[in-house]
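These are the structures in question, set out in turn.
Here come two complexes built around chain A, the first alongside chain B, the second alongside chain C.
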Partner chain A sequence: MSLATLDLPAPREGVLRRLSDALLRRGQLIVLLLLAPPLLWLGLVYLGSLFVFLGQSIFSIDEFSGTIVREPTTATLIELFRPANFDIVMRTVGVAAAVTLLCALIAFPIAYYAARYAGPRAKAAFYLAVMMPLWSSYLVKVYGWKLLLAKEGAISWFAGRLGLDGALDAWLALPLVGGPSLSVSYTGMVLTFTYLWLPFMILPVQAALERVPASLIEAAGDLGAGPGTTFRSVILPLAMPGVVAGAVFTFSLTLGDYIVPQIIGTSALVLGQAVYTLQGTAGNIPLAAAFSLVPILVMALFLTLAKRTGAFDAM
Partner chain B sequence: MNRPSLGLKVAALGGLAFLHIPLLFILLYAFTTEEKSYAFPPPGYTLKWFGVVWGRADIWAAVGLSLKVAAIATLIALVLGTLAAGALARARFFGREPISLLFVLPIALPGIVTGIALRQAFGLMEIPFSFWTIVLGHATFCIVVVYNNAVARLRRLSPSLIEASMDLGADAFQTFRLVVLPNIGTALLAGGMLAFALSFDEVIVTTFTAGQQSTLPIWMLSELIRPRQRPVTNVVAVLVILVTFLPILAAYYLTREGGGARGTNAAGK
Partner chain C sequence: MHAPATSSVIPAVRFAGVARHFGSVKAVDGVDLAIAPGEFFAMLGPSGSGKTTCLRLIAGFEQPDAGHIEIFGETVEGLPPYRRPVNTVFQDYALFPHLSVGENVAYGLKVRGVARAEREKLAREALALVKLAGLEARRPAQLSGGQRQRVALARALVVRPKVLLLDEPLGALDLKLREEMQVELKGLQRALGLSFVFVTHDQGEALSMADRVAVFNEGRIVQVGPPEEVYERPATRFVAAFVGAANVIEPDTASSLGAPARLCSLRPEKLVLLPADGAAPAGAAVVEAHVVDVSYQGAVRRLAVRTAAGTALTAAVPAARLAPAPGETVRLAIPLAALVPMEGER
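Up next is the complex of A and B:
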């Protein structure tokens, strides 16, 4: 038996080879060269324009001429706390909180079933059933809810058929959640948001639940805990990071959205609409920038708190 | 493991039904004969509106623009996203974490902030709004989808494969073409499809970076705010569902072995 020799073609010669050798000798150079194009766009142009836009929140607007006064001032930021503006912030945070809560309530059973009881085939079906609506067109989904919520639409019709039209009217007569019809009420807005962001809650909750070891649940049972106690003191705490991870999505997506409130919602503005009007018709870029800082700061706070619960491992 | 309780089954299936029923209603409304309202149940059924949409030049123009924007934005995102993934998949250096955060930023921040910031930047640089400003806006947030898919696959690619290729005499470019690319090909395809779907559907950033052009989502948004042609909108909505359905399904099957399409955390609008 002789030593096998590999019959390899001779390494190619030329510019490419020398370039390749030069690059391989300096590993850091490759990283730098690869990173340069994406960093040039995202780091320089994108990040730069973000800073330019958000930085204008320290400028103010001249009330008479409507032009931007380029002198640093805290006046614009303080203006956020005027009652009318602060209401917008609180309203938006309130809607985001309601959406997040509703998402968590609807998502949990789906995620729990998929994680604990579904076989491999059912699990794949569940996954697709969650992914398809997630990736369907955003506007089409909003449109679907416009159809459903309309005064003459399907929800009213079904409520009438089931003899619940009285209950629907009573709900719409309530001060905060009601309105002339579902499509111009906070109820409709929250429902639409919940629908839009629900998959973002299901996926991380399911991922967290799948990591709960079966042995822990058996141990809880062996130690005398009933199903209810096991759920409350073993499963729920371990699933919480998943819920928090989902909440990061549902909360931030609601905070920044201005399309849904424009189509399904009351005349009272939310944050995104305020930014949109301020930069557009009102031409008040400094205040628009100040308002834009709010969701960013709220999310930064949220993420800092979320990090402590270990939510990022569940994403 | 014991059986699921009836309550859990009902809640889980009810939740899934909640996710799908609105889409079914859109399908139903495409066939309605009602023109002036969203009346339910539809007073009658017709196929007429599909024909009307077929003959509408403005809708075809919007579809064409959306497809072109999505194709080019996806192409840019594929190049930049793959470069970024190649640099960051295994490298450990100071500043790596902030850089990966930077790639996620365009999708983590509300679309309106990205939109206004880019609009102002284009204004400052005196770039007139055009097809290309839309493409650049879309590419900005599509990079992360490609990046996520490529990074996940590159981390699973054994470094010994690359070393073996080099030991056998291939240079860096040959190794990339003959070893790395075939291994990450399906991940790039999946990332590209998701980026395409994301761009095809994007409305918020487009609002700020488009001039007079109307992409399909922009056309749809104007119809949503002031409905003028409800039956036509109904049909367009169905067509959009069908067009996005296929690439997403394909992306799912392409990345299935790897635990699903890695784009879920990147779909924020």
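Up next is the complex of A and C:
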């Protein structure tokens, strides 16, 4: 058989084929086609309405009539710094920071195991185990935790069995973190948030650790660094972008949540609850908008600090 | 020839019956070796032959399942890498991407607690040694492959190892750079008087740089010796084929040529192309052969031929001579002294 007999007929010319040719020749056209739908959605529908809402924060509310005064003023923004309001901000940021720290501490060993030691089967099981809690209803999980944390719940029952009820009572007697029971304390709130957002920390940290070549860890040991030094000087800096990415999730998800603090926690409001009540029953849209600015500013500050400390050096 | 292995000098590295298994795979299967202080020692073999595992056993990244390893007379089994007086230049260089070139080189000094001013000075000197002075502030990502290699070398040398381990360090470089680095590495090794243990699958690299070459096959060392010896007198069929692609002459062919009936190697360049009416040189057998293929390689032409008895041979003849064409019949002289008996297959 000669090679000539292998000749295939030329592909047929058609409209689609000419369109493909045109797209291939003009690279920008295909970029435009790819970006148009998401830009329309994100830019116009989402960001547009967000900015319209945030823009309300420069208006104020008439205290007598309860109507919005549409004149630019800084009064509403300054109102955020009134002790009652500023307490809400600090309380929420404190809870978010505690949740983020706890998530990072719990996530790192799990992510490290999955990235460095798990075989293909163990890794599949790992992904399943991490993702599964995300598939069940948020409310079911929160109420589940309320039962676990309740005075007669599983946690205090276990503590009693282990003879640790004294320690639990001592912890609940502490100011700020304590309360009548775990289910109405900041401790309970932080534990619930940590459970809810943990997958969002594990996955980016695991992805970052996976990208650290094994030879870098060997090289550190080869050059005389013990395991502790290797961890501090090589593994942690290289995993930092993943930790920061995870922290962005856990921090911002906690800042915005208003259901967990309502079900578990004290009667003191957090940011999400404040926004919820202000735009709903109180009808104070300008102050709700001002409160909504806070998480955005906090996250901007967080990312700036992270960049300053060199968290993104490895990227 | 084997003076370094048998003399009373304490070897830089000594293996006695070392084995390392991964599941059912015997990566290293009973290796004995002794590397002399100041020696440039090459471990040559195809991938999966155990050479890299041997290097990792010296570095401490692997622990032996059996046998004994000493570095300058001290037992190192069970010692982690950070307690061994050896350093490695990794195949992928393994430079820390979050540190500058200067910080990379100074890393080993920093973890040893050397003061900042001192370690910066030593790092500068080490970078100057590998001809990269002034690049301290760069990031590894901003360097070319050849420069990264030099940084890896400086980083390993700055901590004054007793033995430097190099894992295919030239593998990722292009040909010209590789040849330059070969000369430079050899010069560096002579100047520092250090033992270099060099893993490669490139026989040209091993022969041109090493004082001694160990040829690995299937987890064992099949031959150790100076490059000339390994090349001229391959011990086994494997070595003959792997190092310089020698012809392998079966025992019955050897006896038909008038040599003892033993398995022999025959270097392609030892075959002589005779003119049609030329007389056979003394001490040589003459065979008629059919030319199958001719390839021009600059200084030499490689002829693939098949003798009347059906033996396939490769001959490297000076390219200046008139070349026979495929299909022609040529007369080849085989000097009997060029038939080197071999011990076995592996």
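One rule holds for everything that comes next: the second predicted complex is superposed on the first by the 251 of 315 C-alpha atoms of A that agree within 3 Å, B and C clash if a C-alpha of one lies under 4 Å from a C-alpha of the other, contacts with A are read in each partner's own complex, and residues count from 1 in each chain.
Simple rule for what comes next: a contact is a pair of C-beta atoms (placed from the backbone, for glycine too) under 8 Å apart; a residue touches a chain by one contact, two chains touch by 3 or more.
Bear in mind the structure is a predicted one, so any value in this text is a computation, not a measurement.
Once the two complexes are overlaid on the shared chain, A:Pro83 sits clear of chain B and of chain C alike. Of the two partner chains placed by the overlay, neither chain B nor chain C lies in contact with A:Pro175. Shared-chain residue A:Gly119: touches no atom of chain B or chain C.
Taking chain A as the reference chain, the count of touched residues is higher for B when chain B and chain C are set side by side. Within the superposed three-chain model, A:Val52 lies in touch with chain B and out of touch with chain C [touch as defined at top].
After overlaying the two complexes on the shared chain, residue contacts for A:Pro109 are found with chain B alone; chain C is out of touch. Of the two partner chains, chain C is the only one touched by A:Ala220; chain B is not. By the touch rule above, chain A contacts chain C in their complex via residues 213, 215-216, 218-226, 229, 233-234, 237-238, 310, 313-314. Across the complex, chain B is touched by residues 6, 8-12, 16-17, 20-21, 23-24, 27-28, 30-32, 34-35, 37-39, 41-43, 45-50, 52-54, 106-107, 109-110, 112-114, 116-117, 124, 126-148, 150, 152-154, 156-157, 195, 198-200, 202-203, 214, 249, 252-253, 255-259, 262-263, 272, 275-276, 279, 285, 288, 292, 295-296, 299, 315 of chain A. Remark: chain B residues 1, 3-4, 8-9, 11-12, 14-16, 18-20, 22-23, 25-26, 29, 37-41, 79-81, 83-84, 86-88, 91, 93, 99, 102-103, 105-106, 108-114, 116-118, 120-121, 124, 139-140, 143, 166, 168-174, 194, 197, 200-201, 203-204, 217, 220-221, 224-225, 233, 237, 240-241, 244-245, 248-249, 252, 256, 260-261, 264-265, 267-269 touch chain A in the complex. Interface of chain C with chain A (complex): residues 59-61, 80-82, 86-88, 90-92, 94-98, 107-108, 110-112, 155-156, 159.
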